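Taking it in order: structure first as structure tokens, then the write-up.
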Amino acid sequence: MSGIVVRNVERAPLEIVDGLGASGVATVHEAQGRTGLMRSFMRPIYGGARIAGSAVTVSAPPGDNWMVHVAMELLKEGDVLVLAPTSPCEDGYFGDLLATSAIARGCRGLVIEAGVRDVRDLQAMGFPVWSKAVFAQGTIKATLGSVNVPIVCAGALVNPGDVVVADDDGVCVVPRAEAEEVLGRARAREAAEEEKRRRLAAGELGLDLYDMRGKLEALGLKYV
Amino acid sequence: MSGIVVRNVERAPLEIVDGLGASGVATVHEAQGRTGLMRSFMRPIYGGARIAGSAVTVSAPPGDNWMVHVAMELLKEGDVLVLAPTSPCEDGYFGDLLATSAIARGCRGLVIEAGVRDVRDLQAMGFPVWSKAVFAQGTIKATLGSVNVPIVCAGALVNPGDVVVADDDGVCVVPRAEAEEVLGRARAREAAEEEKRRRLAAGELGLDLYDMRGKLEALGLKYV
Amino acid sequence: MSGIVVRNVERAPLEIVDGLGASGVATVHEAQGRTGLMRSFMRPIYGGARIAGSAVTVSAPPGDNWMVHVAMELLKEGDVLVLAPTSPCEDGYFGDLLATSAIARGCRGLVIEAGVRDVRDLQAMGFPVWSKAVFAQGTIKATLGSVNVPIVCAGALVNPGDVVVADDDGVCVVPRAEAEEVLGRARAREAAEEEKRRRLAAGELGLDLYDMRGKLEALGLKYV
Amino acid sequence: MSGIVVRNVERAPLEIVDGLGASGVATVHEAQGRTGLMRSFMRPIYGGARIAGSAVTVSAPPGDNWMVHVAMELLKEGDVLVLAPTSPCEDGYFGDLLATSAIARGCRGLVIEAGVRDVRDLQAMGFPVWSKAVFAQGTIKATLGSVNVPIVCAGALVNPGDVVVADDDGVCVVPRAEAEEVLGRARAREAAEEEKRRRLAAGELGLDLYDMRGKLEALGLKYV
Amino acid sequence: MSGIVVRNVERAPLEIVDGLGASGVATVHEAQGRTGLMRSFMRPIYGGARIAGSAVTVSAPPGDNWMVHVAMELLKEGDVLVLAPTSPCEDGYFGDLLATSAIARGCRGLVIEAGVRDVRDLQAMGFPVWSKAVFAQGTIKATLGSVNVPIVCAGALVNPGDVVVADDDGVCVVPRAEAEEVLGRARAREAAEEEKRRRLAAGELGLDLYDMRGKLEALGLKYV
Amino acid sequence: MSGIVVRNVERAPLEIVDGLGASGVATVHEAQGRTGLMRSFMRPIYGGARIAGSAVTVSAPPGDNWMVHVAMELLKEGDVLVLAPTSPCEDGYFGDLLATSAIARGCRGLVIEAGVRDVRDLQAMGFPVWSKAVFAQGTIKATLGSVNVPIVCAGALVNPGDVVVADDDGVCVVPRAEAEEVLGRARAREAAEEEKRRRLAAGELGLDLYDMRGKLEALGLKYV
């Protein structure tokens, strides 16, 4: 089941990908019915980055980053590399040399349920990573994995070509076929929130804004 | 036992609260006999914030943030919201809209044994949070909890109106009735440390400053 | 087996120590055959610091920092304090007063498989720490431990006088007797990487640069 | 705040304690409104034990079991020892000698948010323990703690004299003043479940037994 | 995306399911190319059980077990219930009443990335469970989830009708369409192991049996 | 630094090894000054086993069990295999075939800071294992490690030929050169405990038996 590389992967149009990136993880997660969120242990190596990209997926053996080199050739402008090891591992699959290569291919960042190293350099290069660990442990190149096959990364199913959104809140995966519709709902949500934000800032309470008092009383909430 | 909201909570005078905030977590924790400290997994979403406030407590079902809206109405200038879920949970109970509302009520920050989201926005707004996780996972509004009842948050008992101090070292709870006395001891401690700091900076050893050599020798410490 | 303090410890020459520090954790770890790395839970209290120093080791009882004071006297210019508790503990063994003293002794930083506090002050003082936790919990001075004996810290064996390298990637220990040779290999590695970095930045693929295509094909990698 | 031993503690009548023990953790937890449950990391050292007892509480420094000896004198027939360290610790505070003493005092078991050792002997003696860890690490007797003061153990507030129920499902704390009422509700719950169990065993569905179909349809559940 | 119940799910023939169960997790995992294994935190509530069954999947909100009742109606002889919460949760979704009902429907066991309770009763009833936690915490019935949709459980993708194998080694998922082929490979593997077991028991070394000495020497293994 | 196999390792006499095994982990740990204990996450795969043996150590790459086959040849009657991966890993390095071989070589058990599988079979064969995880994940045979070199396993330094004691309390390592002396102290400790056990069982308190009352009073313990 390993040793497969899928060359051609359909991607969402870049303007949709970029739109999802602008909305960010929390909004996109809500806009698609609260699905696709990776586990909270996936943390950015530095704060402030917000990206979206089309997933090039890597399924790699524990402690073996050979398939990252294979994936590199398949990266296109606007892609994000997404790696899940075939068994839990926090070795440092990726560092500054691979980031140099990834940037040269137009890659926007890395999402990895394992470790990463050279994080100071990666930050200086502006190459964001969301990972399970920062760990200098070196990897080998001995065993095949697969590229652009469906993977489960940090609890979320990722198909190649899915849109991956990542920021300080974590990582969320949008199925490619739903990307446009999710973007529409994300923008509608943002527009709706603008008015709420204005009213809440003015001191109005959510209890009134969302008309909650009656429901709470009906359920028996008691003020003492 | 849930579904209770206590409207009126006695608070410590704001100058005492502010004094404790200025002393910070490590000093306050020492000044009250090394009690009241929350578990070390409670981390700030951004560095550098140091706050103190009177606790408005929330006991909420897992994945349900309805009671946060109820608590919002009870917040006064100088308060800190403290939330513990009724079973372990790391969903994102709180984001930028709630922070907008909390700031409008004079709230100084959030302490939550669960998750928070929109952390980039919260940092931009200057609304500090100490949480167990950063997690975009949305919550619902379906079940009652309680507001301003005693809770256990991250291993520490918090009564409504207690003073909560939080900074980069973590979170510490000071019982309201002891706040003034603890502040006195914290200030005495700070004064005493000033002289020690000067002498240590000049190269004097703690072994001499604290007169430890004799005790260590008596216990049998051997230099080889 | 405790209660021992070794006064005189051989150290590597400072120019070798400094050279290893300049290379950083990932490179040094590779240069010595991927050994000596501490567990990934050892994280810096603030980003951007990179140090190397000769280890002054402390074996301390849980929740008891007395031996840190004993160790302080033995610190020399260019040393790093390395502490492992005798059973798992995350109490705050070290804060701003001890850091003041350590800086006065020429100490470059602390590596501790336990907790640390006053982290805001430590950052302001420029005293870097790699720890298992940030935790304000106070410690006592009641029981003997040992100083400058071999310890296991975060999974790595540390002998007094070993060179400890630490940066944003973690902490790596170089046996003193191998320090010079490791430095040589680290520098050779850096030189070799320079050319690779240039070629990768120009768009060349690792698949070609490292001549991997044939081996991958031989192992049966299939493109579809 | 430490160094306090409260000699006289009010306890619930033994027949109420025993009744709660017969009901078990899950039922008692439900009967008191889903409160009082300790964290799930509190596991029995052997399967099959089910106990209830009045809490004699111990607040102990990390790695120091001196207060267990102090508590021993205060144990009465039907008590359970409950220990929380003042900072996280998994050292082995308790082994077969202490169990010998506890059994001689009529103690029914130990609940400890730390470690325990000699577990094979404890099982042979029939002395059940619920702990955070099994760990042989020895402890010292150097620093005071307190006995029979309120403690937070594994996330639950325990007052001396509260009823502690423990079985394979974990540990639940019942406030002494509510013990009788909770027992009544527990028994009512058991009676009600008997009939449900019979009907479910006969193949009736919960959907029908609890009349859920209408509510699910109203909320929009779709069968496809 | 929630609120969906799929009534009709294709299942593998029971003799294939039973064959996979007889082979057990380790063999089946190998036979399908080392895929489909759930995370190691999924542990049986009692030792010695070994089952296989067709998956009826449940996606449930955190702390809400309503959908388990919905799933109950869809269980057929030889099924296994598989539940993943929509965000991490260890509440006790399942206890002895639900097990009574499940047994009445012919269900062989439960696999749940959350908590379970009444484990003593479940063992007495012979109803095996693999779970992330044993936890008495009660759940509610307030929000819709889905039944028989694809889920990710403990890191493994599970489609309704897939074959789930579980024993003391953990849990492994076999895609329905591959079940027969995997069974064939599992049996071939068992046959091949029989001979190896005999030779190893007789003292022959794996080094010779698998002809490893030459390869090891070629790679440079040095005996000293 | 890898690729080394040390053939000849000095071992402690078997009667000393067996004596330490009879004393068990908690007693041996105390007898050697509370050192050598592995982390508490090292748990037996079944209860009741108590072994001691001379360590044959294995340093293995993550997910690669080739060196276990190499080690097998070096096992002698009374040995225990001790394996630490070179980076954190919980894959199943060892199963029933390897156990068959190990038993044929006189090996008494396995201590592994990683995973193990076929645990039902291992229990049936009476081959005890202490591991970090039970996990069916298969391993490969591609990269060299080392056999009979010093390793750090679960926080403890293990030299080849050291005596490893393991039971339900965990795992403890005794340096070979100290084995005889430690055994002497262990037996003295057991003799001393016999009398204490008798007196405690008769109801005498540790407070009196160990003459603690005066010291506690001197430190300020207050009974209220």
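As written, the chains take the letters A, B, C, D, E and F, and residue 1 is the first residue of each chain.
Rule of thumb we're sticking to: a residue touches a chain if its C-beta (ideal position, glycine included) is under 8 Å from a C-beta of that chain, and two chains touch if they have at least 3 such contacts.
This one's a predicted model, so the numbers in the text were calculated from it and none came from an experiment.
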Lowest number of touching-chain links that must be crossed from chain C to chain E: 2
Chain pair showing more contacts of the two, D-F and C-D: D-F
Geometric centre distance via CA averages, chain D-chain B, whole Å: 28
Mean-CA-position distance for chain F and chain A (Å): 42
Centre distance in Å when chain D and chain E are each reduced to the mean of their C-alpha atoms: 31
Multi-chain contact sites of chain A, meaning residues that touch two or more partners: 34, 37, 40, 86-88, 90, 135, 137
Touch-based graph of the chains, sorted into line, ring, star, complete or other: other
Pairs of chains satisfying the touch condition: A-B, A-C, A-E, A-F, B-C, B-D, B-E, C-D, C-F, D-E, D-F, E-F
Chain F-touching residues of chain D, taken from the complex the two chains share: 3-7, 46, 66, 69-70, 72-73, 90, 92, 95-98, 100-101, 103-105, 115, 117-120, 123, 133-138, 141, 144
Residue numbers on chain A that touch chain B, as the complex places them: 24-26, 29-30, 34, 37, 40, 43, 47-48, 50, 167-170, 172, 193, 196-197, 200-203, 205-207, 210, 212, 216, 219-224
For the chain C and chain F complex, residues of the former touching the latter: 1-2, 32-35, 37, 39-40, 86-88, 150, 152, 155-157
Complex contact set, residues of chain F against chain A: 61-63, 86-91, 135, 137, 140, 142-143
